[in-house]
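One chain, subunit A, links the two complexes that follow: it is found with subunit B in the first and with subunit C in the second.
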Partner chain A sequence: MKTANDVLSALQSAFPGVIEEAKVAPERQLWATVKPERIVEVCKYLRDNHGFDHYSGAVGVDRIDEGLFEVTELLASHGAHKVVALLKVKTPRANPRVKSLTGLYWNANWYEREIWEMLGIDFEGHPELYPLLLPDELVGAWPWRKDFKGYPDVTTGERAIETITPDGYTKYHIPPTQAEIEAGTVPAQRPKYPTFREREEMEIKETSEMILHLGPQHALVPGPFLLDILVDGERVRKAFLDVGYIHKGIEKIMENRTYVQGIPITDRLCYMAALTNNEAYCGAVERLLGIEPPERAQYIRVITQELSRIQSHLLGTAEFLTLIASPVYSPFLYMIIDREDVISCIESVTGARINHSFVRFGGVRNDLPDGFKDMTLDALKMVREKTEEYKELFLSDSIYKRRMEGIGVLSPSEARRLGVSGPPLRASDTPYDMRREDPYLLYKDLDFDVITRKEGDSKARIEVRLDEIIESCYIVEQCLDQIPSGPIMADKVPKRIRPDPGEAYYRVEDHRGEMGFFVVSDGTDKPVKVKARGPVYAYFQALPPLLEGVYIADVVAIAGSMDACTSEVDR
Partner chain B sequence: MGISDVIPVPVAVDEELEKWTIWGRPLTDVWFTTTEKIHEIIDMGPIKNVLNWGRKNSLWFLMQPMGCCGVEMLVFGCPHYDCDRFGIFPRATPRQVDVMIISGYITRKYLPAIKDLWEEMPEPKWVMAIGECAISGGPFYDSYNIINNTDRFFPIDVYVPGCPPRPEKFIEGFRALQEKIKQRKDKRGY
Partner chain C sequence: MVLKALKMTLKRSISGVEVTRLYPEKIMDLPDAERGIHVLEIRKCIGCGACARICPNGCIEMVEYKRGNPVKNKRLQYPKIDYGRCMFCGLCVDDCPPDCLHMSKTFEIAGWDRDDIIYGTEDIGVGMYTDQELSELAEEARKAEEEKKRKAAEAAKAKKAKAAKAEAGEAASSEKPAKKAE
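And then the complex of A and B:
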């Protein structure tokens, strides 16, 4: 199998003089600085000749001292090898321009749009540089730049202007004040581009078509987003997704906190997966610090994270069942009953129900309590029995099967092209799991299967989740059997966390897919940049093409089977 | 306007009736009444207490999960916590609800939408702020996109702190709202 060194030597021989400052650290990560004018060719070479078919995201860093912006492209492979290529492009701060990779990788679209609206880096050749997360008033302020001054004063409600439109609707708008314009927090003049509404109305070609709005508030989706579908009769012709309704600017906030203060913020990135988010962030900082948690701490991390996976999948499936059969509330209630037992187990360790802040740099916060093993084994036994029962119920229910089979089919090649990860990708016959692909903690020693399905439809996605619940039960039981005694914190963790200057990328298998944290340090006690590469961001981007051509009634069956978490998309 | 303007009665009867009062108001006002007048009278009399007793025991809330507190809100409506026993029930559309729970961060982009939701709710209606973000911005107080003072936009009756508050705290918050409605001390004055 290819190693990072092989890829690096191949790159250097194919592109002499283009690759600057290359290194391999740790063993599976290839860091290289590429000349900006050749980045598209380098990526095309890697994609075609070395199997880098997974575009995993892009990170924009503002190096204000050097007068540069850096864009790091993260490339990986779906099973051909286990190398992650992190290709860095530098561009001057005065006139930032980078070549767009949307021609090579379809899913580069949203990542580049986000960097454009937050940092103001222009992507040449990008088809639609429109704002994604920010409200229209803030576009042009480039809030993630280091010289962005403060934050707009939106604390006074009297500033909201109420207008009545000719159609009778009430609109609210917060205009910028003179002080804000002078300070540069809000641009005086908005850049000219069509709004979301105008863009979708441009697509209406015939009088028989109309736009149907689902959202932003929508029954039982976990968080607000706007899904507009352009329908022709009963068929969806095109779908449009507008996100950013709960964009909090987590990455910018983390730049203003110390490293330890960043941990509680990562909880709130996706509250269903708080423990894995903690793990991804702490793992990246541990890599910068060069420490490794002791064995018992690793076991505790795996136990809590797998328990958390069980509760997340239970809630995700429960929500989905209410979506497809909304008057029938009982499946939701049954799964919540199971989930409460698992939550009690996690709570007995971490002390919190959903936002744990439990993982620490070099260990965990506290040890397992007395009687944890018996309590957990009882809960797992119950969860396993109940999950088997749910699977049997779904298999025997002909209405459920007719509603779900063959709906929203993602073929393996299509799923890889769209860049989804986690259960939707594994339901499309691709065994891509970070626990195997990029083994962190103890996962390389543990015995578990990567659950896959061949069909790739909504039914397969739910089956993968239910099977993963059972697999997670098995992992937790193994860990409870094997867990050694010992310390729960590494010895040489400094009191004040000040990693050496450098960058680290660490990815874990979130409950929903590939979650990576990219942390840049400059030697002070605050990070220069923290980037969260979330799985749901990738699902959401893949949703509009998946919804094209389906019936209106199937829209919720497809969107719900993805198990979305809007908070993580918006960040 | 007197009775004799509508039906033929002796003037003496008319004059006599004009002296009669009900709860301190002329009877003729009540006789030729409008909806507003009925409401005024209900507001004065003890009948309001009976209505509020009914209202407080049937608080349906809007299922509008926005953040971490939204997950606890889902759980709050389920077994183990079972809000049904207090007459509290989740509904999916603003047209059917009495209480809106602000369960998370309000951003610049979401404010118009959530204001629309509030206006779509029929009277009488109440709003609760649950979680730190809804009260004061919480951990995201210094974000460029978060609105900190939610109470400038909504007449919030009950604040439930916590990040996120446990489902038991939701019950406590609703009990406080019920008590407020019973004592007629809520912000909108029902």
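And then the complex of A and C:
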């Protein structure tokens, strides 16, 4: 198995003088600063020769003191090895330009678009630099920059100018001041590009085609997003996705909070995955602080997170069943009833039902209550029985099978190319699971299987979820047997959290896939940058190519089987 | 296959699992860890304001509460919580140095007015002082204040005397090298 040091020495011999600073810390993460003009070649070399076929995201950081922007590209591999490469590119703040990786990795598209609209870094060679999360009129304000003054301007108190368009809409615009135009920090002219509506209408080629809107408020969606499908008769020819309807600016909010105050904010990324979001954020800060939670705390974290996985998969499957057969409401309610017991188990530890805010730096908030073991074992026994029952029903139902088999097939190579993770990737015969790939907490000592399916269709995705429920039950039972007594907080946790300057990246297996937090510290009590790399972002990006060529009726079956969460995409 | 599904439905319907509750009449059993509205042990609070500082939403305000303990909490500062903003994260409880802020199992805080969900110290406090205790405490505080003043005066006196002594000593010591120089 390749180690990070092997990759680093190979890189240094292949590109002498291009790799500026490099370190391996912790053991599987390779941090390197690459000269901006050679980044594409370096990534191509890593992809072709060292199996880095998974583009996991990009992070843009504004280093205002040094007059630089940093873009960190996160590269990993689907099973060839366990090294994560974090390649940093620096670009001057005055004229920020970075070469785009969209030619190498298809899914770099959205990550780069987001950095462009938030920081104003121009990605050379990007095919479609259009706003993704922000409304059109905010482009050019570059809200992630540290000198962004708010909208309307909160520091000067100047209001945005209101104009009424001929169609009756109100538009807001903050004009740059004369000094800013002279200094060149704000573009006098905002970039011109076609709007979302114009872009999709450009694709209409024949009179038999029309655009069908699903959303932003639609029964099929787990939150507001716009899915427009261009249909020719009963077939979908092309799909367009517009997100950003509930962009909350969570990452920017966390820059203005202390480290501890960031924990409850991470719950709000996606309430179904509150515990794993807590874990990812706290794990990243623990890496910065150099502390490790005691063993009992790690067990409690694993138990609560696996219980949370069970309830999330149950609700995900339940929602999916209402989508494909909306008049049949009983399966949804059955799963909600089962989920209730699991939620009660989590609530007895964390004290809240969905927004837990439970994990702390170096430990957990509460210890397990008395009688927790019996209560959980009872609930797990029930869940396991019921899940087996559901599986049997799904297997024996011929209508369900006809509806789901061979629908929305993602072949293994296609799934890897689109960059999805979690159950949809594992349903496409790729055993990629962070609990094995990047073992955090105790997962390296625990016995469990990574569930995979060969088919890659909607049915396989649901089966993976149902099997994972049973596997999670097994993990929780193991932990309840093995859990030692001891403290639940580490001794060395400082009273005021002020990590040393540096960066940390920590990823966990969310219920939906790979969830990573990238935290940058400058030695003060507030983070410089927090980036959440969510799994659903990748699913959403993969939806339009997946929907091409299917029937309208199958759109819901495919989109529903992804178990999406818009809140996490928009952040 | 249809029979199997029917069997399952039938089993579900006669199994007698409690699904819905008669909510206002019958409230579910809440665990001890439940994070409901706050309870403040007024006899322990020292008015440090740690809860107000850590609150991510800024919903806690330190206000003056007259019926507090002037010995322990000199400026009589106690928290007032705006539940319109509170997200029940529990960070304030974790951070409380004397461990006097807790979260109860009560969660019913609906009101007709925005002011109804702002809870002052008298609403969240437990272990209130009686009038007699308050007067005793006021007396104690007054005595402590007097004692402090007396001590401060004494200390100032002693300091003055010391300073005078030191001055004299300094004068003496400064004379010595002068003598040596001679």
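Simple rule for what comes next: the second predicted complex is superposed on the first by the 531 of 571 C-alpha atoms of A that agree within 3 Å, B and C clash if a C-alpha of one lies under 4 Å from a C-alpha of the other, contacts with A are read in each partner's own complex, and residues count from 1 in each chain.
Convention: contacts are C-beta pairs under 8 Å (C-beta built on N, C-alpha and C of every residue); 3 or more make two chains touch, one makes a residue touch a chain.
Source: prediction; values computed, not measured.
Peer 1: Who does A:249 touch here: subunit B (first), subunit C (second), both, or neither?
Peer 2: In the superposition, A:249 contacts subunit B only.
Peer 1: So in the superposed three-chain picture, is A:549 touching just subunit B, just subunit C, both, or none of them (first/second/both/neither)?
Peer 2: Neither partner.
Peer 1: Looking at A:264, would you say it contacts subunit B, subunit C, both, or neither? Reply first, second, both or neither.
Peer 2: In the superposition, A:264 touches subunit B and subunit C alike.
Peer 1: Counting only touches as set out at the top, which of subunit B and subunit C does A:125 meet: first, second, both, neither?
Peer 2: In the superposition, A:125 contacts neither subunit B nor subunit C.
Peer 1: If you stack the two complexes on chain A, which partner ends up touching A:396: first (subunit B), second (subunit C), both, or neither?
Peer 2: second
Peer 1: Based on the superposed arrangement, let me know which partner A:487 touches: subunit B (first), subunit C (second), both, or neither?
Peer 2: Neither partner.
Peer 1: Scan A:134 for contacts with subunit B and subunit C and give back first, second, both or neither.
Peer 2: first
Peer 1: Going by the contact rule set out at the top, does A:355 touch subunit B (first), subunit C (second), both, or neither?
Peer 2: In the superposition, A:355 touches subunit B and subunit C alike.
Peer 1: Quick one: classify A:501 as touching subunit B (first), subunit C (second), both or neither.
Peer 2: Touch partners of A:501: none, neither subunit B nor subunit C.
Peer 1: Please name the chain, subunit B or subunit C, that touches the greater number of residues in subunit A.
Peer 2: B
Peer 1: Let me check the overlay on chain A: which residues of subunit A are in contact with subunit B and also with subunit C?
Peer 2: Shared contact residues on subunit A (touching subunit B in one complex, subunit C in the other): 264-265, 267, 333, 337, 355.
Peer 1: What residues on subunit A touch subunit B, complex-wise?
Peer 2: Per the stated touch rule, the residues are 134-135, 137-138, 141, 143, 148, 150-152, 154-158, 160, 169-174, 185, 216-217, 219-224, 244-250, 252-253, 256, 264-265, 267-268, 271-272, 315, 319, 326, 332-333, 336-337, 339-340, 353-355, 567.
Peer 1: Please name which positions on subunit C make contact with subunit A in the complex.
Peer 2: So the residues of subunit C in touch with subunit A come to 1, 4-5, 8-9, 12, 17, 19, 31-35, 54-56, 87-91, 94, 103.
Peer 1: What residues on subunit A touch subunit C, complex-wise?
Peer 2: 257-258, 260-265, 267, 330, 333-334, 337, 347-352, 355, 357, 360, 365-366, 369, 389, 392-393, 396-398
Peer 1: Subunit A touches which residues of subunit B in the complex?
Peer 2: 62-68, 70-72, 74-75, 78-80, 92-94, 104-105, 107-117, 119, 139-140, 142-149, 151-153, 163-164, 166
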